[in-house]
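Each of the next two complexes has subunit A plus one more chain, namely subunit B in the first and subunit C in the second.
So, the complex of A and B:
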């Protein structure tokens, strides 16, 4: 981990060549970050490895505002390289807002995944599930670095 | 009669033969639900018995000329995999390889490469010297010879492609909504150049595909059929795929100001305008293949401007058009609106 710095809204560190915002929580399997906005309200987005493994984003779509989500269910779909796949919700909650900017230009999620490229906001986020996420800078950077190393060894991402 | 199989080392092979337009989609989507629920990896084949139009999951319905489709009796369906609106008929044999999502690379491009590569052996066994190019297109020379798409359905990943035995370029162009006849003619010209059929023995292709996918995945092929649960999924999907809300598609991008049509990866045609300047242009790589200009204000230099644009990279288009006065600047503004982002 090197070069911790603060951008407009997030605290970024570099881990194995990737930016990682450490002012939020992470769901390891889905490569989604979760940031508390107010009590019970969270913002969700893709982390840098989620963006990298997706490839150039062509299309994003979301479920409707007001939809109730269970953890592990899709809150939308992402298309890259003619490959459509689900955006998996890291926590249960109710969709209160979706980011129209990334629907209009998915490149925003690619170029600024921790900031303007956020995906959805949820209310009534399940506190128990939030507690299951990676939530300390040490745990986040250790997990992220280990995953990058694993992906590089397996040829999932370039050296 | 084939039987369902559940062996972990088995590659289920299901040949659906000819199926209705609707079933040529819902059958393999049901396979994906089955594999997601624990059925073995599955390679399936299907040939649509009648022509129809199929939209990629995210694509706007207004990219299709619905009036033409209605007139021609072409149903329109939406698939759960990516890509644009396409015309399908009985001259195309479709294959689908479906695996548990956990068994493919987390990197989509790598997953796509892994799951398209075995198909190359099938084309070659059928006498088609196919290559997988750097744009992840299966090609012969500069022509795309396979329309592919991929998607994750629940916990299964499916990659689809086709052996195009015959290709109706005119109909494949006619099903698209295009703003003017000049663009329609240009799309047809580019489609004829860059999308082509490779007549081959479909039985030989299927046989080789089974061997190649079994070998690549380390599995033993076994002819099979859908399970009762998968047949139930087919019926549910029949209903879903014919519902207005599904055909309308997800809430996605607003309609782009410029009509852009991808012919194959790296090749596209657009129509754009600025004030009275109208442009139809085809792009190969990052260079203009052909530009066609119209203005309502008479200007003698249009033909010269069109000729000057051939082979010019998009980034240099404004500089080249700047040599054609105020008309050139309006044409450059139209050019600038096209960026290929809607493709």
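So, the complex of A and C:
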């Protein structure tokens, strides 16, 4: 079911046909990953399943650098097919950087969701909030595998 | 006893006013709001209004001079998708609720659309999904769909049901370059779009299909619908949104960072020359149309056009769609040639987009066809 390998800067594991990077943390409901860059700085992106179940990404937009975010609030918006919705921050913090590459080409977030397709960076990330995320490779792969199975049963993704 | 949903019914909304009330209704369903049953709004717009999608370029999609000449109002929807014309002939559907956290966007769109399918079935019309974006009847679009979830977690499911459609008017106000095909334009629309009027053989306007759509929602969700009016808070919020957003220049003139483009390529078939038109948003296909002397548009070609929408223009993706559509066999050409024709049209669209970034990407029905000789 899983097959680990390293690519670029990520440690990727294949779970039920989808890649998952296990060197970071995940917020299950939003399908957002959080990777610690330096103490107090994190990078945030959308996982492969979040990308797949949104549909082809047509547009990504972000709030301004310097904006303060509370956990659960939007740091941007995505358009995928006929869906327009918020990109929900899994942690609190101040937006320190946004990824221009995915604004001009959202396909980057599809092709490389854990690497070049990152979305924003936040400073002052709250350590207690990080502790609430899925943070061990075992917990991540178990949750991801279960979610893929559930989505397949519901017809959200192809068999 | 079945849960009671609030049903709001109104007629002749202005472009900004219609959209503003939909968004105002979302206020009761955001984070921290008490639990409340969903609100269903079934309404019509004033004849006529032209509404572009969330990230479209208004001036590229709508002929503003024609709008001014015909008294057509314009605005931008919060939902995605292409430009549409709304008026007495179309029924607007807005379902407002707290966005379910355990469902993905596709599921919400599909579940909400099932109610419209059920409503149309009351008229004897069998509608089905097309590429998860539209509802179709025998390969022709009868309703457009969209979903918007706001920052507070409230959702707005939008649909526009074509009870009737003034095709000539649509060709006049939307920048649908198929209009340049002159006498063939209306026929080309007719091959891809249908209406309740056409399907039933009886004239219908938007308001006339409201009751059956309401029945569809009641049956599908197992609820009762209780007619009501928006409350004072919602009306005040809607009034503010008209000025602050839906009529505001900043909202109307918003531009995407990703260029839209259009291009075409010729396809030689044993029965003659066809032209493939592709409109793009970056490397994404927004619409694809194959024009030729078809007596009847082959279903497989319609399938190909539909399946290409919202897909990326890379060889693997396009080849897979071509193979699955069967359009290569229907047109008696090789799958590889058809794939290459799509990619060539797409490459031209990208080149033109880079050269002229405000070019039209076309409406929800047709892509731009200017520079067709390229």
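The criterion applied here is as follows: the second predicted complex is superposed on the first by the 158 of 159 C-alpha atoms of A that agree within 3 Å, B and C clash if a C-alpha of one lies under 4 Å from a C-alpha of the other, contacts with A are read in each partner's own complex, and residues count from 1 in each chain.
Here, a contact is a pair of C-beta atoms (placed from the backbone, for glycine too) under 8 Å apart; a residue touches a chain by one contact, two chains touch by 3 or more.
This one's a predicted model, so the numbers in the text were calculated from it and none came from an experiment.
Looking at the shared chain after the overlay, A:156 reaches both subunit B and subunit C. By the touch criterion stated above, A:62 is placed in contact with subunit B alone, subunit C being left untouched.
Residue contacts after overlaying the shared chain place A:73 against subunit C, while subunit B stays out of touching range.
Across the two superposed structures, the residue set of subunit A contacted by subunit B and also by subunit C is 53-55, 58-59, 61, 79-86, 103-105, 107, 151, 154, 156. Within the complex formed with subunit B, the residues of subunit A that make contact are 52-55, 58-62, 64, 77, 79-86, 103-105, 107, 151, 154-157. The residues of subunit C lying in touch with subunit A in their complex are 31, 54-55, 78-81, 99, 101-102, 104-107, 109, 132-133, 144-151, 153, 256-258, 281-284, 310-312. Contact residues on subunit B toward subunit A in their complex (touch as defined above): 56-58, 80-83, 105-112, 136, 148-152, 250-254, 341, 343. Across the complex, subunit A meets subunit C through its residues 29, 53-56, 58-59, 61, 72-74, 79-86, 103-107, 110, 151, 154, 156.
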